[in-house]
Amino acid sequence: MMRFIEGSLAVSDAVRMCRPDVVSAYPITPQTHIVESLAEMVANCTLDAEYITVESEFSALSACLGAVAAGSRAYSATSSQGLALMFEVCFNLAGMRLPMVMTIANRAISAPLSIWNDQQDSISLRDSGWLQFYAEDNQEAADLHYLAYKVAEDQKILLPAMVCFDGFILSHTYEPVDMPTQEEVDAYLPKFNPCQRLDAKDPISFGMFAFPEYYMEFRYAIDQALQQSREKIREAGKEFKEKFGRDYSALVEGYRLEDAETVLVAMGSLCGTAKDAIDEMRGAGRKVGLLKIRTYRPFPGEEVAAALKGAKRVAVLDKNISLGSKGAVGLEVKDVLYGSGIPVLDYIVGLGGRDMRKRDIERIVTLAEKGEGDLFYGLREEVA
Amino acid sequence: MALSVGCTAKPGKSRGNRTGAWRVFKPAFKHNKCTKCGLCAMVCPEGCIIEQEDEFMIPDYDYCKGCGLCAEECPAEDIEMVKEEK
Amino acid sequence: MKELRIHGRGGQGSVTAAELIATAAFEGGVSAQAFPMFGVERRGAPVQAFVRFADKKIRLRSQVYEPDYIIVQDSTLIADVNVFAGMKKGGIAIVNTAKGGGWTVPPGVRLITVDATGIALETLGVPITNTSLMGAFAAASGEITLEAIENAIRHRFSEELARKNIEAARRAYNLVKGAA
Amino acid sequence: MVDKTLELFDCGHRACGGCGPALAARLIMKAAGTDTIVVSATGCMEVFSTPYPETAWKVPWIHSLFENAAAVASGVEAALKKQGRSEKVVVIGGDGATFDIGMLCISGAFERGHDFTYICYDNEAYMNTGIQRSGATPLDAHTTTSPAGKCSTGNRRPKKDMPAILAAHGAPYVATTSIAYPNDLMQKVERAIETKGPCYVQIHAPCPTGWGYEGDRTMVMGKLAVETGLFVLFEQTDGTVTRVKKVMRKPVEEYLKGQKRFAHLFKPTRNEAEIARIQATADRNAEKFGIDIKLKKPVEKPEG
């Protein structure tokens, strides 16, 4: 049913229908509406879950870890500093192959302190072994939760997943979102059926330490699971389309890529603004298209290469910066296009809530056409 | 051996590690003045001192590290630490 | 696509006003989007909220810089905030005031004043102007119908409160229609 | 009732010979029984008991990180509750994990009132990383980060009063015990597990390597700590001390002399002032908990 709903509440309702057994989270802007809403559902018995009000994000994710190990479906949500505080537990969950889903309402990381959006927080955890999905709008943000649980809990994958949506820009925006019924979600997302759990009837030791003769193999196994998850995401996306009508069967999505000479690459809500800007530029005869990356981990290298093979130039919009290097998406795209001769220009944009307008997208396309890239876009004059 | 998922293991595997090899001194259970009180078994950090059918205690030398705690604690002074020639 | 910018003060319910207007538009069959100016402003500080209306899915995510409409919830803001900034020609500015105007607006912009606070006090007994301003906006812009507003109010408020708010919206609607 | 024959902590673990914490693990598990899920913090015990694939644990066991055991246990407990399961949750952490780095998670979990038992095996320093001081290191102990030297007498601070901190959280049952008193230990662990809500048991567990004594003296060291009044065994129910182990007190010197970590108090010269400070600590403990056994004195003749 189409509902006119705040992004955070679309997410919390989607989470409710995923039937988590244990929810544990700590308030942080701009994620807070999600967990407030879940707490309310538990208080009103519309969600049958244990809600653990922890004293920090670190404990939130640690509690989720314990819950998943004990065989329950767990959920958390956070942003920015909260995710940074969870760093250690993030690596631990993936390493222990404990699947769960966490929503990231993307927000810049201090210092300076900023509550506003960029994607530095989740990007900083790209190496942790979590699947990472980025939503363009609140429909995707909600939908990706059903898909994320399905993929994460698959016996061949068993890895945690982050559903990332831009803080405020999506989390605090009211827009129409098609929400399925509980029955429809139940038919899509099976009950969590862990292959091993903490159980006195069948004791197992979790979280052992590995000598050098084993450690690499376990890390290899995690990487293998992530590599294989691409196929599982496609499968789950295909089934999603059959059941709900929206197509997530690819890890990337092209927009007006046909005959596009300049192809923009972006993740998250910026894609929407870019699409409008592209329509205007196309109207003016400029051959511009967009490649939206929905799944950043595992990185869809083959899809990206295939989608970009006809481009004359690629302009990557990164809402993050690997300080001392380049934007994280830009680096990936350069890697994928290595040897193709297609120039990849990286633009660091929208950090700490700097608004990105259609005209900014158009200016970046102009810069790319001139071959000017690998820069922070739109810096204040006193800096430039 | 296939690796477990997420570095887990079922019980029993630690027995593959025969810590008896660490031993320099060996507790000799003389069973002369032994009152079968069981304190030696209780205080052994390895848990490797086992009651026999005759209720006397015998350490499992596969795992005994030779720490001497049993000999020190034995109220009957019936356990002697002897240099082990392997 | 049409864009609305709402100016108010923290605590006056600008975000709720944006949400209510967008909800009414959505329920009237229009595609809509509402979002606040993402800030850390506390009670009393000038704030903004935005609404977009379109006949197809709205993808644009930037803030609103060149609004077709503005609503000023509190005319005391006008001295300190350039509420009319960027307004499009042919745009409509709705200002809540009992005074009746006197502000210089950009060329081609129509200024409509309405005593939403007075209406709110008479109908609701409290100076919460959201629903009166919605009525005024509906009458002035034609983006939403009075019926859609009434439905949105009914979905949000309990029966008694909904009745009063609908009354507030209607009175403002009729006032603006009558003046037009 | 505790089944003393139960062995749930298996042979083949890699603890040092005469390890107090290894003995603690065995005794804890005898008291806890098979229907227990153990959550371990990173530390010496975790490392010596679970090198992949050799686990010494015969019960379900999980280790996540150094500082989060109480939070992981919160999640386990919540999951069990949701699933309607009856296993008991027991956390085992060293003093570093408990007194220092894990304090936040412990405080949160106790305040929330989860039904679990937190057991700290207290060997009074970070042994896993090579004997560094922790909040549980006693006054004047030499560690690698509180070394005794020309202008230092070792650790400058007294041991943190962790039982009091957790009692202040409203823990229904708080107890201290020692591996040197196996029956006392098992009884207290059993009582903690049986008590609903977050309970705390602190087990004094001497470490031959870290303290500098031979492994066969582990029980002796444990007993001396209690007999000198430096480690008091007590039980506290709903905030009230209900039971205290009384002793015929010995001078602290008898305990200190046998350990290299206190050797600087005796060599090259005897440091009377510091020994007196430690004795004063024991005296305060004795006074506070009333541990001294008072011998009946002959009735004095009335004056005059």
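Order of writing sets the labels: A, B, C and D. Residues in every chain begin at 1.
Keep this in mind: a residue touches a chain if its C-beta (ideal position, glycine included) is under 8 Å from a C-beta of that chain, and two chains touch if they have at least 3 such contacts.
From a predicted model like this one, the values you see are computed outputs, not experimental measurements.
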Exercise. Sort the chain pairs by how many C-beta pairs are in contact and tell me the top one.
Key: A-D
Practice problem: Could you put a whole-Å number on the gap between the CA centroids of chain A and chain B? | Solution: 54
Practice problem: Mind checking the centre-to-centre distance between chain C and chain D? Centres are C-alpha means, answer in whole Å. | Solution: 65
Quiz prompt | CA centroid of chain A to CA centroid of chain C, Å | solution = 34
Quiz item: Measuring from the mean C-alpha position of chain B to the mean C-alpha position of chain D, what distance in angstrom results?
Solution: 24
Self-check item: Per-residue overlap in chain D, given as positions that touch at least 2 other chains
Solution: 50-53, 55, 57-58
Quiz item: For chain A, what residues touch not just one other chain but two or more?
Solution: 96, 203-208, 210, 214
Quiz item: Drawing the touching chains as a network, do you get a line, a ring, a star, a complete graph or other?
Solution: other
Quiz item: What are the touching chain pairs in this one?
Solution: A-B, A-C, A-D, B-D
Exercise. Would you mind writing out the residues of chain B in touch with chain D in their complex?
Key: 1, 4, 7, 9-19, 22, 38, 42-48, 51, 60, 62-63, 65-69, 71-73, 81
Practice problem: Quick one: which bits of chain A touch chain C in the complex? Just the residue numbers, please. | Solution: 4, 6, 30, 115-117, 136-137, 166, 168-170, 172-176, 269-273, 275-276, 353, 355-358
Quiz item: Which chain B residues qualify as touching chain A in the complex?
Solution: 3, 5-11
Quiz item: Tell me, which parts of chain D touch chain B in their complex?
Solution: 4-5, 7, 9-20, 22-23, 26, 49-58, 182, 208, 214-220
Quiz item: Which of the residues in chain D end up touching chain A in this complex?
Solution: 34-37, 39-40, 46-47, 50-53, 55, 57-65, 67-68, 70-83, 87, 104-105, 107-109, 111-112
